[in-house]
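Have a look at the structure that comes next, please.
Order of writing sets the chain letters: A, B, C, D and E. Residues in each chain are counted from 1.
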Amino acid sequence: MIGINVYLALIAIATLLSMYRVFRGPTTVDRLVAVDIMTTITAGLMVLFALYYQRMIFLDVALVYAILAFGGVIAFARYMEGGL
Amino acid sequence: MNALAIIGEVLVLIGTFFYLLSALGLIRMPDVYNRMQTSTKSATLGSLGVMVGVGIWALGTDFGSAAWLTKSIVIAVFLLLTNPISAHALIRAAYKSGIPLWEGSVVDKYREHLEAKERGEVEEAPAEEGGEE
Amino acid sequence: MLKRALAIISLLIIGYWLAQGLAGVPFGEDKMLVGQYYLDHVKEQTGAVNAVTAVVVNYRGFDTLGEVTVLFIASTGVGALLWRKKKKRTAKTEGSIVLTTGTTLLFPFVVLFGAYIFIHGHLTPGGGFPGGATIATAFLLLYMAFVQYEIPHRAFEKTEGAVGVAYVLVGLIGLVIGGYFLYDWIWQDWGFGADNIGRLLSGGFIPIIYTIIGLKVGTELSGIIDNMLKEEVSE
Amino acid sequence: MNCITCIEYIIVGVMIISAILAVEWRDLLAATVGMAAVSLFASLLFLILQAPDVAMTEAAIGAALSGAIFIFAIKRTQRFETEEEEKPGWWVRW
Amino acid sequence: MISVYYFGAISLILIGLYAILVKKNLLKILIGLSIMETGVNLLLVSVGYVAGKSAPILSEGIRPSQAVDPIPQALVLTAIVIGVATTAMALSVAIILHEKYGTLNIEEIRRLRG
């Protein structure tokens, strides 16, 4: 359980880098891409939290993110291409 | 520290490294298509590594059970199914809403396809691909 | 500009007050009074493992009935505000083939996962509210992918009314048997599942109530999506 | 300093930044994206605060439904705040 | 020294209040209201946290003395779903206002009255 700090730090750096793209992105789609990547990274972070706190029930939250997070992205995309 | 835990840690390390690479591609690439191209693929691969790695790692600890591995594999399968769909829909929306390609791009196959379709040259274009009319 | 300055000054004052008030509530210390009672007695009084679920459904079930009523009123309000004589979907382009195939493939799994969430509400996190939101998201996916899709309105309205009546009916049965509204007669009188706490068949009427809440939330959020997406068409 | 504590500080900071951006962006679509990001980080904080029920509800609502109904409203009204006469602050590119 | 969770919750509340007070677009006001609601939920849950204890789900060998307070979580659980329903209702009011007046600026809507 020593190495988990390293992994959490790597994920935190990845989150900060994608937040930079959310801040700077010239168009809305850039920001949306960055938020989508942050969602994927967050699902991994939740799984690591489940291991850190040693509770299996935390995995359900990551499952919700894995299944549902693309619904919002698809809503955005269908609006952008004019098919809503 | 047994063998299962070591295998799991290595997989998680690979996964988080790919997360870092995807975020790096997100800030280094010049336009939205390249950003999507680099970041989505490596983030999906990284999540596969992290989920399966955590499942195997939990088997090697004292609190772990087989349910950890089952549930994390289910999460990995669903991420593998949903991430490409959202990436595809998003990048198609970006193209349709008129975001230009980077000026260094050399080829635009989708525009060629659309123009060929307008001229009626493409015969194998299926009818159910209704988004392009 | 003056308005913005005034707003920022008042925000600073409110923030200072909030910080001063919260300085008397120490973070991370044990402040439980009634919560400790609930945690100590949740297993033998309700049969559930998840204390949050027990508080929501069992100890404060009447409160949850009120919340469901608020949800019903909000859904009806959206329907009444956006009511037109002729309403239709006005989208022009169908989704691409990847999107339609993917959503058709994923839809049963998402509905199944929503059902899993609200049936296992007394064992794992979740319950009726997130389960219902998951089911509504499944219908949102179908709405996004297909231009002509509509929810089965008649079946949804019937389900919505039936589960609303069923909630009150469960409470009234408790009133007849045990003497107060929403009395948990399955656990208190029958003792059903007393020897397998922590497995699926336990927890008194918590799975029943949560199934009702999940169906209610799912149908009403789907109705909200349907009402907000359709527009008036002029002949 | 514990590593979880560092993660808490980073997440709270990023959440506040995305809330400010969501309020300041003139494109309402981008503002909705910022709101979804706030919901995402709030869900992570609920998980660290040992409230998996609340985290799951926030995930199920904030991931798809909350953004989707805002997009429906934007589609039926207008996308940009055109009437605002003041320029946005220098710290926001839009 | 105030805790980081209290700081984040108060910041979200103030940012949402700023949007409600200053912004003129109706949808932006509703976005501010949504952010403020998230802040209030975060504040309530962080009041119920006890350091070093685990989630109030008494499986996997967790004893009642090892769990955090379940009551604020039970309050917040229902408040989130109610919040999205009422937001949908407010958005439909905004849609009707835009159909009637052709604008979302609340000052112009106020001027057009009567």
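Following the convention adopted for this analysis, a contact is a pair of C-beta atoms (placed from the backbone, for glycine too) under 8 Å apart; a residue touches a chain by one contact, two chains touch by 3 or more.
Predicted model only: the values in this text are computed from it and were never measured.
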The chains touching both chain D and chain E are A, C
Comparing A-D with C-D, the one with more C-beta contacts is A-D
Rounded to the nearest Å, the gap separating the Cα centres of chain A and chain E is 21
Dist(centroid_CA(chain A), centroid_CA(chain C)) in Å evaluates to 24
Cα centre of chain C to Cα centre of chain E, whole Å, reads 16
By the touch definition above, chain E meets two or more other chains at residues 5, 18, 46, 48-49, 54-57, 59-60, 73, 77, 80-81, 84, 88, 91-92, 95
Shared-interface residues of chain A (touching two or more other chains) are 15, 32, 53-58, 60-61, 63-64, 67-69, 71, 74-76, 78-79, 81-84
Residue numbers in chain D touching two or more further chains are 32, 50, 52-53, 55-57, 59-61, 63-65, 68-69, 72-74, 76
All chain pairs satisfying the touch rule are A-B, A-C, A-D, A-E, B-C, C-D, C-E, D-E
Chain A contacts chain C in the complex at 57-58, 60-61, 63-64, 67-68, 71, 74-75, 78, 81-84
Contacts from chain E onto chain A in the complex sit at residues 54-55, 57, 59-60
Chain C contacts chain E in the complex at 3-4, 7-8, 10-11, 14-15, 18-19, 22-23, 25, 27-32, 34-36, 38-40, 42-43, 49-52, 54-56, 60, 63-64, 67, 70-71, 74-75, 77-78, 81-82, 123-125, 127, 129, 132-133, 198, 217, 220-221, 224, 227-228
Seen from chain D, its contact residues with chain C in the complex are 52-53, 55-57, 59-61, 63-65, 68-69, 72-73, 76, 86
Within their complex, chain B touches chain A through residues 9, 12-13, 15-17, 19-20, 22-24, 26-27, 32, 35-36, 39-40, 43-44, 46-47, 50-51, 54, 57-58, 61, 63, 65, 67-68, 71-72, 74-75, 78-79, 82-83, 85-87, 89-90, 92-94, 96-97, 99, 131
